[in-house]
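Both complexes shown next keep subunit A, but they swap its partner, so subunit B is in the first and subunit C is in the second.
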Partner chain A sequence: MSLLYASNDWYPVADAACLARGPRKTRLLGTDLEVLGPFDDPVVTDMGGRRFPVQVRYDHLWTTIGDDPRPLFDIPEADEPGRRHVPCGVVRVKCSPLRAVENFLDIAHFPFVHTGILGAEPHTEVATYKAEIREDADEVWATNISFYQPQAAKSAAGGITTRYEYRVPAPTAAVLYKTCPPRPKAMDVIAIFVQPRSETDCDVWPWMALYDDTTGFADLAQFQQEIFLQDRSILENQRPVKLPLDPKLEIPTRADLTSIAYRRWLKRRGAYYGALTDQT
Partner chain B sequence: MSDFTLYTYVLSASCYKVRLMAALLGVPYDSVAVNFYPGFEHRSEAMLALNPSGTLPILRAGDLVLTETQAMLGWLATNHDRTGRWYPAADPVLGPQVLQWLGFAARLTGSAGLARLHAILDWPVDGEAVRKAALKDLRELELLLTDRVLAGRTWLVGDHPTIADIACFPHAALSPDAGLEHDGFPAIRNWLYAVRSLPGFVTMPGIHELLELREPADPQ
Partner chain C sequence: MPSMPVGLSRDLPPKRVMRASVGGQDIVVWRASNGDIAAWDNRCPHRGMALSHGFVRGNALACLYHGWHYEQSGRCSYIPAHPDLDPPATIHTTRFGVTERDGVIWVDTSGTAKPGMLTESLDALRSLIAEASETAVVAACLRTPFEGTMPRPSDSSLYALGTIRLALLMNPLGPSRTQVTVLTSTGLSLQTRHALSRWCETLRRNAEASGTGDA
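Take a look at the complex of A and B:
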């Protein structure tokens, strides 16, 4: 049931940089796959030679192994002129794909895990914000978030109070809109696209679309990689490994509003792949 | 005024060795971020011209270019530690012991370092083989450190931390990144703790500062 639901979403399985080095052997939802380049005309097959549909979006190659796939979500900002796209490569994490998304949505851990970058003591308070399931779009949104950050982006000259909005357009993807230091009226876009290898093991592809014409690609990608690797050891040690959807299993606080909405939304959809529910 | 330029990658444990040594000795430097991953920029023509072996880090100080991490630690200590304690090269007993550990550190890079790259970035190596090799090296380190503890010592060589400790520290500290936890290595854990408590210690992703050492909160 949960695998059937998950199989009808699209997932990233490669980017241009990794295909340039040769075919990628990988795994998606427990199925071993081979991804063959070139990036603009790729082929994705399983070990039996069955071919799966592909599309190139957001600097990644996406595939689906389901028979009746839902459309890949839209990120309209990806097509806005002037934004620099920064695909940050892939990081493997031994955790539930849903835990990886949930961690990305969490603000409260910034001062403790990303000390001196995304947060700092004593600025640990998460001010009241709004989290909701938007029925029309069938997405989770968190808005009106502001948080003090010593180094909000590579382009930030010092500490600023950053505005945040989160959007969850699919169970294994999350998009973050945050204050763009050089252009206070615009928002930078930072996303994670999660490739579930299994229910407890995933490849995470961070991606950014920024207004920053001065910082080098290496600095931009490493800024994001540093932050993500700070999360990795914590993600690998979360217990239970699968994300509990039953409210009896973990006690949330007010700072966890987005997480509560996300878990409720997953449950409502039956998106149980990587989740711990009373039915699994 | 910076004393050298370091070509570096944020997730590299070898680059971190040099950053850590420079921080502990208070040596200022400039950094150049190299897109090691996902760009493989260290294998670009420009970088290969600087370092034909295609590795990071690279240290440049005037006309001097160093491409071997352990040599960089030696250069830093020789040029910036007036006490001579971080690299007692002239000491007939301690000097060779430091060199012995630098060799071990290079071995750790080939085992634990590769196991970590495989676990994190899906590096194209035999994951099981490098993990096994890493486990063997960690067991050896545990045994040698246990001997030191029984002799009443904290550091790998002598009575003061040396470049040997800094050379071996990052890959040992980061082994949980490859699923090699420290639970079974009490001597390694104590030694990691000692390194992390050095004044001027800096972190990298996966290696945290010792919060326990912070000043206690104001009781008011």
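Take a look at the complex of A and C:
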């Protein structure tokens, strides 16, 4: 049931850099796949030779193994002129794909997990913000978030109070809009695209679309990789491994409004792949 | 599940946190600045993070993920995201029985911890984990000589190594994985204790080499 729902979404399975190194053997929703280049004309098959549809969006190669796929979500900012696209490679994490997304939506952990970069004591307070399920788009949104950050981005010269907005367009993807240090009126875009290898293990593909013309590509990608490696030390030590959707199993507070909305939205959709439910 | 030895008191000084396991239950054991010890389910009630990765602040254990503080009673005392909030009493960890005797920490997941009774006063030597069953560790003990002498069984968990008395306290971690807490006669020289510690290493190798996974 949950696999059937999940199989009709699109998932990233490669970026240009990894395909340039050769074919990628990988796994999606428990199915072993092979991804063959070139990046602009790729082929995705299972071990039996069955071919799956592919599309290139947001500097990644996407595929779906379902018979009736929903369209891949749109990120309009990807087409805005002047933004630099930075695919940040892949981070393997032994956790539920849904826990990986939920962690990305969480700001209260910054002072403890990303100490000195995205947060620092004593600046731990999470001010009231708004989280909602937007019925028209059927997406989770969190807005009006602000948080003090010692090193909000590679381009930040020092500590600033950063504004954040989150958008969850699909169960295994999240987009963050945050204050762009060199252009205070613009918002940088940072996303994670999660490739669920199974319900308890995933490949996370961070991707950015930034207004930063000065920092080298490698430095930008490395900054984001470092953040994710810090998150991994948390994500691989949460129990249960699958994300509980029953609010009695994990106690939230006001700072967790986005997480509460995300869990409710998953439940409403029946997006249970990687979730702990009565059915599983 | 009876009370089980999970480690040595001296390996857990104030402000330290360790991970333990009893009967398959994942456990965090930690010591507050004031010396008090506590043993809990190794899980933060907020988002399920292992508390054994946490840190001690004063007399509270803080979770590494969001810094939630838990006092020795298990009650949540501070949520950094809401510094002015007095956390509701419903937020608390799952507590287990814990006590210390003869330098050994005992945990009981089903009630008050009662240390195993030793027939004589002994000193804690060390704690080690062998990839072998409890039976294999006992068997290996009886064929691992110490300075030319074979250990002789004395009491239930007591052995005689010449004039030295030795206790092996077992905490089975799986069919072929055992935590062994070793105690010895009091008043031994540092040199003898070092030699006994090396003997423990040989014991472990012998137990693991016997390859009997019988539980």
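Throughout what follows, the second predicted complex is superposed on the first by the 280 of 280 C-alpha atoms of A that agree within 3 Å, B and C clash if a C-alpha of one lies under 4 Å from a C-alpha of the other, contacts with A are read in each partner's own complex, and residues count from 1 in each chain.
Convention: a contact is a pair of C-beta atoms (placed from the backbone, for glycine too) under 8 Å apart; a residue touches a chain by one contact, two chains touch by 3 or more.
As the structure is a prediction and not an experimental result, all values here were calculated from the model.
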item: Side-by-side fit of subunit B and subunit C on subunit A, or clash; value: fit
item: Once both complexes are placed on the shared chain, angle at subunit A toward subunit B and subunit C, C-alpha, multiple of 10 degrees; value: 50
item: Subunit B versus subunit C as contact partner of A:His109, first or second or both or neither; value: second
item: Touching partner for A:Ser233 - first (subunit B), second (subunit C), both, neither; value: both
item: Which of subunit B and subunit C A:Pro87 touches, first, second, both or neither; value: first
item: Contacts of A:Gln222 with subunit B and subunit C, given as first, second, both or neither; value: first
item: Contacts of A:Pro171 with subunit B and subunit C, given as first, second, both or neither; value: neither
item: Greater subunit A contact set [subunit C / subunit B]; value: B
item: Minimum Cα separation, subunit C to subunit B, after superposition on A (Å); value: 5
item: Contacts on subunit A seen with subunit B and repeated with subunit C across the two complexes; value: 233
item: Residues of subunit A touching subunit B in the complex; value: 15, 17-18, 21, 87-92, 94, 115, 203, 216-219, 221-223, 225-230, 232-233, 236
item: Touching residues on subunit C, where the partner in the complex is subunit A; value: 26, 42-43, 45-50, 53, 64-67, 79-83, 85, 90-91
item: Contact footprint of subunit C on subunit A as seen in their complex; value: 106, 108-109, 111-113, 121, 124-126, 233-234, 237-240, 244, 250-255
item: List of subunit B residues in touch with subunit A within their complex; value: 9-11, 33-35, 37-41, 119-122, 176-177, 179, 205-206, 209
